[in-house]
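Structure below; questions to follow.
A, B, C and D are the chain letters, set down in written order, and residue numbers restart from 1 in every chain.
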Amino acid sequence: MAGNSFGQLFRVTTAGESHGPAYVVIIDGVPPGMPLSEADLQPDLDRRRPGQSKITTQRKEPDQPQILSGVFEGKTTGTPLAILITNRDQRSADYSDIKDKYRPGHADYTFDAKFGFRDYRGGGRSSARETTVRVAAGAVAKKLLATHGIGIVGYVRQVGDITAEIAQPASVTLEQVEANIVRCPDPEAAQRMIELIERVRAEQDSIGGVAEIVATGVPPGWGEPVFDKLKADLAKAMLSLPAVLGFEYGAGFGVATARGSQNNDPFTAIDGRITTTSNRHGGMLGGISSGLPIVVRCAVKPTSSLPQPQQTVTRDGQPTTISTKGRHDPCLLPRFVPMAEAMMAITLADHCLRHRAQNL
Amino acid sequence: MAGNSFGQLFRVTTAGESHGPAYVVIIDGVPPGMPLSEADLQPDLDRRRPGQSKITTQRKEPDQPQILSGVFEGKTTGTPLAILITNRDQRSADYSDIKDKYRPGHADYTFDAKFGFRDYRGGGRSSARETTVRVAAGAVAKKLLATHGIGIVGYVRQVGDITAEIAQPASVTLEQVEANIVRCPDPEAAQRMIELIERVRAEQDSIGGVAEIVATGVPPGWGEPVFDKLKADLAKAMLSLPAVLGFEYGAGFGVATARGSQNNDPFTAIDGRITTTSNRHGGMLGGISSGLPIVVRCAVKPTSSLPQPQQTVTRDGQPTTISTKGRHDPCLLPRFVPMAEAMMAITLADHCLRHRAQNL
Amino acid sequence: MAGNSFGQLFRVTTAGESHGPAYVVIIDGVPPGMPLSEADLQPDLDRRRPGQSKITTQRKEPDQPQILSGVFEGKTTGTPLAILITNRDQRSADYSDIKDKYRPGHADYTFDAKFGFRDYRGGGRSSARETTVRVAAGAVAKKLLATHGIGIVGYVRQVGDITAEIAQPASVTLEQVEANIVRCPDPEAAQRMIELIERVRAEQDSIGGVAEIVATGVPPGWGEPVFDKLKADLAKAMLSLPAVLGFEYGAGFGVATARGSQNNDPFTAIDGRITTTSNRHGGMLGGISSGLPIVVRCAVKPTSSLPQPQQTVTRDGQPTTISTKGRHDPCLLPRFVPMAEAMMAITLADHCLRHRAQNL
Amino acid sequence: MAGNSFGQLFRVTTAGESHGPAYVVIIDGVPPGMPLSEADLQPDLDRRRPGQSKITTQRKEPDQPQILSGVFEGKTTGTPLAILITNRDQRSADYSDIKDKYRPGHADYTFDAKFGFRDYRGGGRSSARETTVRVAAGAVAKKLLATHGIGIVGYVRQVGDITAEIAQPASVTLEQVEANIVRCPDPEAAQRMIELIERVRAEQDSIGGVAEIVATGVPPGWGEPVFDKLKADLAKAMLSLPAVLGFEYGAGFGVATARGSQNNDPFTAIDGRITTTSNRHGGMLGGISSGLPIVVRCAVKPTSSLPQPQQTVTRDGQPTTISTKGRHDPCLLPRFVPMAEAMMAITLADHCLRHRAQNL
């Protein structure tokens, strides 16, 4: 129980369901004196928002955040931020179908098994709409990190069998990412991804992919040696997002076929600063940041909700089929990018504060 | 700071360095009344122990645990267990080399960056020897889980480009795993893996791989809906182990190229019990256990310590080379298996207790 | 940092300032299936509300709670509750006085010292108005406890030098407490307390007192043996309330002059059930509940805000005086009672869930 | 469950029972680079040790600590400290008496109720001997605090009806405290206390008292505004100690009879530094340190174990009597002082680190 918080010192707690009145997030541990307003939160919320392009769901949610506390005269006070985002598009839908059937790939059955019943409207607490407030919290974390010279950029690396060419992950800019609706900084791959997504949608199907998220400017020394390794906390952060089935950093699963003599990144010194000549370690050694860019990837499954009928059972075990009417993303990746950035930002903000506490 | 604990209710805290007097683990939250003695811990410690076969390091550590507390008259008391494992094989080595040089792939540099200095003897706190006490804690967790009918088996799925054929992960037995020194239940692949490891060692190199860990008997309903998803806690657990660069469960990174219509596991009912006809979801939906086997995989890098010289720098940035003298595993995977089993057991034990707390 | 949560499994996190738009509390860990609506929260909020009688502040705050999440079809879902209480009575006051002066007895100076600046409107985060959402959370905890047969009643034991005669703390009823505006179940003492409070107010002064809070029906075995003793968590709970300078349970500070032979409560058995013949241990032995009523007391200081001028300094250290204009309680005790009940309820709800998790 | 840790960033976890092989404490969060050896721990352990004077128990325990980890070349490494203290004086006693009877005032019954059975040898986990490792951890915390100019001194304020005259709590020195065996810096009161304790012992009885603990040099700004108020964490720290039934700070329960006009400490400025002209607030305002000495008091009950027979029942409810044979303190206060100092030091060390993490 009590699993709705993330972080030790920069601590994010969320509440809300997709068809309740509102979502709220409390962020405990924001340092005082940081300029902040709702306008700082809106851009990432807009990147996460449904209805933003032809390849995302056409649902409409304005997702306008209201800061309820923790800001005074335009600056954070050091006391907890509460951010409210109301739910507007609560259609008075007929949920009798979903109420009694288990949607494949969703948490309907496991929620019933866990809690004995569930809020069946749009997934309730299991809805990915919960990430709205995470993205708001991530925007706060990004502001904190920016004061330390740290930037975070995520993008779509792969959709189906189309993989982007990214020569230098640490050089990708937000502008390059936002230059197309699929959020892939390789324009040629982006075009093919968009075509694939449209084709998949036309086939009443969905498609998975891989997102890559990069943090630059993280100084060496963040992360704890044993359980709270930075890589471990980032893995938890990413796997806490809906639809993620895999996490890797640096060379990732590629290490399985590598020799140590190739895989080790040699140390070198540039102008007296120690670094490595390559970054197969994805910016973390022994779970602690090395000063090189932190590069992680997430495997995101194809959307579970499909317009085509799927085999399932009712709550009492009778065979049936279910199909989801409209309004779902045929590919989650474009809207996943800001969610993953947010979780990386929250994780790094937490370790930033933990690092501050450390020295005598 | 304070990152040396794992779990909320079944809470494991470790201390110790590879060349200090001893490691100790405190396990807080073990339920009372469970039969337990040191003999329960020894088998997994023996599986993790160095020097167990020709393809592991030849270091000798008896790794005999001593239970200091929490057991009375052969049963756990409900008060914290402390388990001590002394370090015996502390060679009075010459550490001047490692003291002033950064070993590629190790945490030497990042520890220096974080703490200002480090215990340079054998990696100090960053040594994988720390997992000894995790394995002891894992053995306690396994006993607790066994009382709930839950079993955990891990094995080597891949070494280099050799991948085992495993038709049914949930059917693999401990006996099949322990039937060969590489801990791969596919005998034919195992033989080739052993040959590859020996060849790699002869070349003064090392090789990576993938381990798969399976939990059977976990009832539906374990795991929390949002941040403390079971998949998220398992990801953190695995990434908290040294040398792990990737984690996936179920279809894992394979979801990137999958269509939703293929990827969704259809629900069905067998004798009134609801289940799915396939297990691409690796036993977790919405981050909550579904009742199907939980199947996770970890990518493990090739051993960083190599007998051959590698490029690096001294603490003050001067170029140099370093080579590690003997006694290192050419492939970490065989000894990684009990470590990963332990972390899965600890994670599940924690969620077992959390689940108990939940209902009214 | 991140000090705005209380509890491990029944976990309460609050945010909000007295003159911001709203307070919000997230309660993580409420078991599923418990009937709950805003109407369950209102009675205790009304008991805490300003303006409820002639001896409390005359400020007006309706304190109507809105449940934003965690309830579906009239029952808790097992997902976190968020409760919103908006601030209505935000007078567009002239704060120039308080802005630059430190009010004696308040947190103005320590907030400035901690955070570098502060929200000076009505105390900001340090305002006792924050307890509004604690009282709402406490009402939820009380409902949970009631399902276990546990009741909580608090009352005013002492105001100034007037001490109530309470023969049997465990027999005091809510009706007796609410029978008068000072919330003292000894009617004769209550009358004198009211007269004292009115006299003190007429003198532009304030007066302290002692509240006693009793929990009945707590079964033996709640609380943890070492740091998380039930008495320790209750002490923290009560000292986390504004204006509390002391905590005791059972014989309390009276043990200082007691002999062991008098102070030990002899064990006896009644119809096979083990109990003690007296309750100087206040229902807790070794920090674990004994099955007897839990009886705690809090010392509450006289209101720091006074209409009469008090010596202080400005932010830059210049001597000055400050007096608070109207609208303050001359005695905090009557409105303190529901706050203390709430904190006891939250603490017990947490240990209730922890106890459930314990056994094999 | 999992209630054997204290602190967020300076985190102390203990394990061990009075008649097991050893106690161990893991301290997670000790900053790196602090000189430390076992010799730093011994003085406070000697002050806590049984058998130190004619008015304490005559049991003999050398209580020599061994640091197992976290120190390298005489300095802390930033990784967790483990400290081991073995139990030497494990008499092969006949426990059949205590095994089947409930000692009044002890946790025998509540442990049985909680866990179903208990380690009955000397109280097992509930034994005050557990504080041995807390005192060791406290010595580490004191070293950390000393680097910030903070000192902690505790002493006996009251035994029975004898109360010491202490004009300036913040001026009491360790030398004054250690000048007599009762640890009371008022020599005249000390003499009478010793006589009282000896008289009580001769009567086969025990006596309670009050200890006062003072921290000087704590800068303003430590402590969190809401739940983790410094006063709240200190209250929990003290109530987590055995035999403590009450906690107060500053004016404490004396506020009940005070007027606001007397109780408020007026602010003033001395050489530009803001302070108060009195310290009825005990160094904490709004739960945050004010820069004035922190002064707390604990009510400690008379020893429950008595040589004289006491009424009780057996485990199955049969009336009987029990008397404890020798070797118990007739008054806990002299040995309580280092325990309470340790808990204050641990609490302040934790808030020291939390404070460091705070600012942008």
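Observations, loosely collected:
Assume contacts are C-beta pairs under 8 Å (C-beta built on N, C-alpha and C of every residue); 3 or more make two chains touch, one makes a residue touch a chain.
Everything numeric here is computed off the predicted structure, so don't read it as measured data.
The chain pair A-B and the chain pair B-D differ in C-beta contact count, and the higher one is A-B. Centroid distances built from C-alpha atoms place B farthest away from chain C. Separation between the centroids of chain B and chain D, computed from CA atoms only, is 39 Å. Centres computed as Cα averages put chain A at a distance of 46 Å from chain D.
With each centre defined as the average position of its C-alpha atoms, the distance from chain A to chain B rounds to 26 Å. Shared interface positions of chain C, i.e. residues touching 2 or more other chains, are given as 1-5, 8-9, 14, 29, 31-33, 78-79, 114-116, 125, 225, 353-354, 357-359. By the touch rule above, chain B contacts chain C in their complex via residues 8-9, 29, 31-34, 78-79, 144, 147, 225, 353-354, 356-360.
Put simply, chain C touches chain D in their complex at residues 1-6, 8, 14, 102, 104-107, 109-111, 113-116, 125-126, 130, 158-161, 200, 205-210, 219-229, 231-240, 242, 244-261, 263-269, 272-274, 276-277, 281-282, 284-291, 299-306, 308, 310-313, 317-319, 354-355, 357-359. Note for the complex: chain A touches chain C at residues 1-5, 7-11, 13-17, 20-24, 26, 28-29, 31-33, 66, 68-70, 72, 75, 77-82, 84, 114-119, 124-125, 353.
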